[in-house]
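Pasting the structures here.
Common to both upcoming complexes is chain A, partnered first by chain B, then by chain C.
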Partner chain A sequence: MLAARLWARQRALPRRVGFSTAALPHTSLNPVTEQDVAHFSKFLAPNSIISTLSPNPCAPDELETYNNDWIGRFHGQSTTVLKPKTTQEVSEILKWCNDHRIAVVPQGGNTGLVGGSVPVNNELILSLANMNKVRSFDPISGILVADAGCILQSLTDYVAPHNHIMPVDLGAKGSCQIGGNVATNAGGLRLLRYGSLHGTVLGLEVVLPDGRILDQLTTLRKDNTGYDLKQLFIGAEGTLGVITGVSILTPPAPQASNNVILALPTFDNVLPLYQTVKRQLSEILSAFEFIDRTAYDLAVKHGQGRALSEEDTKGAECFVLVETSGGRREHDEEKLNDLLELLLSADKPLINTGVLSQSPAQFISLWALREGVTEAVSKEGKAYKYDISVPLSSFKEVVDNTREHLRSKGLLHDKAVKYVLGYGHVGDGNLHLNIVADAYLPEIENALEPYIYEVVAAHRGSISAEHGIGAMKTHALPYSKSAISIELMKKIKQVFDPRGIMNPGKVLE
Partner chain B sequence: MRPSPSRLLNILVPVKRAVDYAVKIRVNPQQTGIDTNVKHSMNPFDEIAVEEAVRLREKLKASVTSIKAITIGPPKALDTLRTALAMGADSAIHVEVPETQPAPEPLAIARTLKAVIEKQNAAATKPEDKIDLVILGKQAIDDDLGVTGQMLAGLLGWSQATFASKVDIDVAKNEALVTREIDGGGEEIKCRLPLVVTTDLRLNEPRYASLPNIMKAKKKPVEKLSPADLGVDYTPQLETLKVSEPPVRVGGGKVANVDELLAKLKEAGFP
Partner chain C sequence: MLAARLWARQRALPRRVGFSTAALPHTSLNPVTEQDVAHFSKFLAPNSIISTLSPNPCAPDELETYNNDWIGRFHGQSTTVLKPKTTQEVSEILKWCNDHRIAVVPQGGNTGLVGGSVPVNNELILSLANMNKVRSFDPISGILVADAGCILQSLTDYVAPHNHIMPVDLGAKGSCQIGGNVATNAGGLRLLRYGSLHGTVLGLEVVLPDGRILDQLTTLRKDNTGYDLKQLFIGAEGTLGVITGVSILTPPAPQASNNVILALPTFDNVLPLYQTVKRQLSEILSAFEFIDRTAYDLAVKHGQGRALSEEDTKGAECFVLVETSGGRREHDEEKLNDLLELLLSADKPLINTGVLSQSPAQFISLWALREGVTEAVSKEGKAYKYDISVPLSSFKEVVDNTREHLRSKGLLHDKAVKYVLGYGHVGDGNLHLNIVADAYLPEIENALEPYIYEVVAAHRGSISAEHGIGAMKTHALPYSKSAISIELMKKIKQVFDPRGIMNPGKVLE
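Coming up: the complex of A and B.
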């Protein structure tokens, strides 16, 4: 009895101290204590707990990869990472955290770009990495049910022998997890062809903040029975609950794929080219990606894919990568050849030249020039990444105007902003506007925000087409969402997570 | 005294259509070979050979009179020739082997190449029309036999420079200075033409085929020959008994401490 009271007292004390020092966004939230860790160790395997707190404190650097995002912009101070292996364990963790008002950051591959998967302070990190089993796959319907922690690439490899592919594909596929993809409603390179996760995700298993398990892991393609609750978790960025299982529809693998990079003399040709390509390739067109010259040069500089020859890139203002996927190689190649001949023989050619992949290795290499831009940018310097939806016709204008805006503020030089570049998914109206700086400086940030958000709002665009809001853009949400929308979002958050333990400081301020 | 006519180079580049290296290889159920119903492309070492020939022309300009690609393979190997033509070869020869027939062995390939070279060189009225340089991959990544180049040089009685990572040709002196990849470094050798060079990975990085060149390649001439035309017998001399997958790798395990590690090692038979 006495022991119990002492224990209760001990756990109360550091808490009160914690309040005054830690500026958690919700003042009613508590940091993790040794007692909490002791409790978790009752039902979690020792290797599922990484904590700097007793009884088995780890070195602080073991937490570094969990506390920091990979571009090095967001840094948390969490003391404890839990890596549960089952949904039941997730449920017990959340129940305890909810009862004790401990904030929780669900974390997948931690490949996000807006700081959504790292703590803003000392929240508990719930990593799904150990939940990495495929639960079932039906080769006839193509429906895959998998744990949230499965890495996207490993799922791609899993369904490949059954002649299926994942409907989502992105540069981070080797590290990102399907649960995180769903929680952030990741877009990526195949969206043009297979649509967003709102369509391909058939069901979810979600642990609610109070520990209840919402099992909607159905494999039905059609199910019109009331409100479709799973949609709320797709893109909620872990603010409503923890996704532990995903049921997703995988399309049949195309029997033949091809790609080509086209060099364009001017950006003005991108849209007419898109029209022509769409018309000529119709159902076999699976990607139409745009890279401006600066982005291309950076990708080449940092060894992302083999570069085109100088002769081929001379005078090119931007590049377009076109991918085809279809059922029959000869058919696809004929269509693609017709298109290329048409483009090359036109009176006023839309393209200078281009290269057509001759082998799967070249196919991969050409894609690397596009997919590797993200990595090249982070190798070059500190990146400010804006992932916006604006009308296609204003892509270049937005990039150029941003560059001029920074120049007018005297920030375009070696010690401040080095490059302003744009690339993205033309087919989806999604531009990735990247500003590469020597260091993160407040004056750069002040020059960029709200400037860019105002530009987007003026175009009635989205301030975050696919990266999400995370911790980076909460303040900017009003540029894309009305007051009524935001008010309803807050009410929904209140319904699912009344104590506000789920990923505080993300999405909503 | 009339100056002797400056030497001119005619380059022959043999290329092979092989299963692409990015493809996962699967053994067929009968265990007689691999599943070949997958994506094929030019053997990467041969791609390096084509690139080297094209670069030699870019460097030596008009001294390189012709670059001819040759392949010995099924009808689909024509795609591989088109790639070589798109990269910069001028013309090509396709020695067609029926789809159903097993892939010819290196000695048969070397004899075929010898026959082609001798045929062209016998027909040449001027010395500058003769093929005097063959550049080919050091091995094909499908069977990894890696002997064709050496056999060809032996049959022709030509110089050979294998595993080349650098090739310099002095046309006037009729000489080549080649750096070979050997264990622990490079070996520089000087050889007289005519010469067979086999390429190693570091020789160059092949270019992409550009669209205008792909279009031009469609119009370049491809001569079709049969093994019988050249008098070469493709009957296999090797017999494949069985093809099997390597044993599946078993995942490792974690041990908690040194004692457990020692126990495991003892268990596995380490003293």
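Coming up: the complex of A and C.
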């Protein structure tokens, strides 16, 4: 399903971003040659090599899925994809590439949204797709050890019979890999409840650029023996080494999940509401999602969410979706009912109305409303998407100011920007700011950047809350990180990858 | 209270460990001179300098608390303690020390258990004690930003009126500082529930060895913009820089806490019990602590725990303390009661008996039993304490094998080793292995080391689950970390601290 969508999108957006070899930090990197492919074929199975180079050249279009990214904005010109089956094979590939200064792009499910997973030029693509075995699972501790290429959904399915869930969940779960999740420090829908991968990843096996294997694949929850090196690979987007194995703590599955959608008269009520909800629901609160009126209306327009009647939504400035996950249905429902009663019976109610899902189907349809915003936006036009962290209290102001800014530039009309909307994870301070335009236009881009990055920097926010830097935002890194931070990052890159073969042009310019 | 105990312990253990300057990795480090002190007095208040050097020499015993560690095993010979009040002052101190190659030991509450917080020789001691202000607290997000020198207990008190708690809690909370907690990646009693500091610390302000300030003190839950440098300082034990500020996520306070002690006929039941308890209590389970029979008997002997009758404990091989913390007392009690019923009514019960605390006083006394083991051990003799991570299933085997090993060496008798016992956090895989001897004897130490480290390595465990490496275990690091890991750690040390002034002789040899 995801794959189908991938191609549809790509055709819609054929624009090529003009990266050239000059953009590579190390000009001394070499392209893959026939000799290299001949070498790889000595230790890789034939079906682990897809290359347009001899001895067994494939058709160029076989490489398309690997060379083009999910949003259809970044396009590589790699000639060769390798799909090793073991850590040892990855090690031999990297050793060779390091010795011969061949640049390497690690690729997981290729669902990343910042162009990190495709070459900026003709780098070799190292796909983890063939490393997809669970290595071990301990149902008592809940610790799962898996190859990096395991698809998130398949791991979810694997632990389900043991009454466990993955601590991370996201829309791309049918395609993205656990190694890619770790490499991007993916956030997703469960972060509020289970915390970030920096806390839940217990160990990693990483092949360093020189081919040596860094085995930190422990299954220990506690280990204070020196610097926690694995943390550096979490979110490094493949620029420090190739993750081949992941040890991760999976939480027990909640026995019951419920949700409720709330319509709020004013944005000012979101924060007091969040505080009340946190206090009332305590440990069973698992999501608190914000949807502004524009986002809601678009989702409804495009067929999502029949949950609230028109009567219900009249006068609502925004909406909040609350989810609970807990150990016992009756207890959770009681807490949720009491919350609604408290909210509705208040002297000055924080909400206009609230609808509690009464069945699994309703539960899904409430979520579809929130998740349908993405879909609706893409149906409505071309979207500029900013995934930022700003203080919760500024969510509305950031959206409104961006709209006004575009209006002041004369860009808010049918043939330019049609909608400016915001939604996101209140619990995480993560706002998805979407600017929906009739077409991608340079004047819109110029009006948006660096404007939005400056707004984020003024709030001491993050220019990329979840999606990373990739190839898309290297230029914007200084808006979130100080010169000293960037200098230290570069030195760390130098420690792990002195020849600069790992994913050049990504994260650091 | 802690301070009184500190001194009592120290007198009891006057043995000096013979560290010499030769143990320092950088032989080119200089001692503090009068000129240096004169320089510091230009920008530090008089009461921020305690030095036996002119112009205002103090009495040598004023330095005792700073030069000696909590367990009384490590003793420095520093002449000078500086207690800066601002990040800027820390910066100026480090810049001077770096320029003049003066080694610096950052010191928090000096409660560390591996000799990391005191000089191995005559390094300058930089105490954070005067940096003890809360910078901000947001009751909606629960994010606290505080000076590194804030005492953990005072932060707990600070957030309590807002219905929040600190995500970390430990026995030393009245003395240890949040900066010290971060520098040691302290685990403690809440790790099972709230995860490690790698997940809950959101940002750090760190003064680098050259005096530059690395400001990553964000209050963002999500920020994927490059390598997560702050992670390196979490658990670095002051070898990479001085932490001056900490931003940390504080969870909402649970509304109710309950506990129960269970007596088990056999150790084999611990793991099935853990699984059942996790399933039944789900998100309200906040501790699952294991106490073996020897540990239990010692605690009772020394006046702890009148919770279980002799009848109750007859035939019990070990005990488990379960704690719940949840959002509503009735719900939690119902879950706990149902659990007990399920356990006791089983065909082959996993437990002999269980006692549920019925009042706050009983709640405290059940915890006192578990926490009293430490006290009891210290009353009983001289303890060799190993804080290790091994698979849960091996807890008993490790304890039993150690006892047999000592017996086979002829060391298990009244004048040598009296008890070998184990207790710890099952939920975290963290075993406290204690060997209680009549006196510290070289033959016991030789029998224990490297024996225990080898056992840990064979289990792919951690030689230091919580307490770190400090000065005590640098030689044992290779039992938990590979040569490649150690090489990378050294290179990272080199990036941050090329002159090696930060806490020399700690963590890395």
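The rule is short, and it goes like this: the second predicted complex is superposed on the first by the 458 of 509 C-alpha atoms of A that agree within 3 Å, B and C clash if a C-alpha of one lies under 4 Å from a C-alpha of the other, contacts with A are read in each partner's own complex, and residues count from 1 in each chain.
We adopt the following convention: contacts are C-beta pairs under 8 Å (C-beta built on N, C-alpha and C of every residue); 3 or more make two chains touch, one makes a residue touch a chain.
Here the structure is a predicted model, which means the values were calculated and not measured.
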| request: Tell me which partner A:L477 touches in the superposition: chain B (first), chain C (second), both or neither. | output: second
| said: Which chain, chain B or chain C, ends up touching more residues of chain A in the combined arrangement? | reply: C
| message | By the touch definition at the top of the document, which applies to A:A287: first (chain B), second (chain C), both, or neither? | response | neither
| request: In the overlay, answer first, second, both or neither for which of chain B and chain C A:C150 touches. | output: neither
| said: Contact-wise, after the overlay, does A:Q275 reach chain B, chain C, both or neither (first, second, both, neither)? | reply: second
| Touching A:I364 in the superposition: chain B (first), chain C (second), both, neither? | first
| First, second, both or neither for A:G354, with chain B first and chain C second | first
| message | Output check: A:R460 vs chain B and chain C. Expected answer is one of first, second, both, neither. What do you get? | response | second
| remark: In the complex, the residues of chain A that touch chain B are 47, 260, 262, 306, 308-309, 311-312, 340-341, 343-344, 351, 353-364, 366
| task | Write out the stretch or stretches of chain B touching chain A in their complex. | result | 20-23, 39, 41-42, 44, 83, 86, 205, 207-212, 214-215, 254
| task | Would you pull the chain C residues touching chain A in the complex into a rising list? | result | 139-141, 163, 184-185, 187, 191, 195-196, 198-200, 208, 212-216, 218-229, 231-232, 234-236, 240, 252, 254-255, 271, 274-275, 278-284, 325-328, 331, 334-335, 389, 391-393, 425, 427-430, 460-469, 473, 477, 480-482, 484-486, 488-489, 491-492, 495-496, 507-508
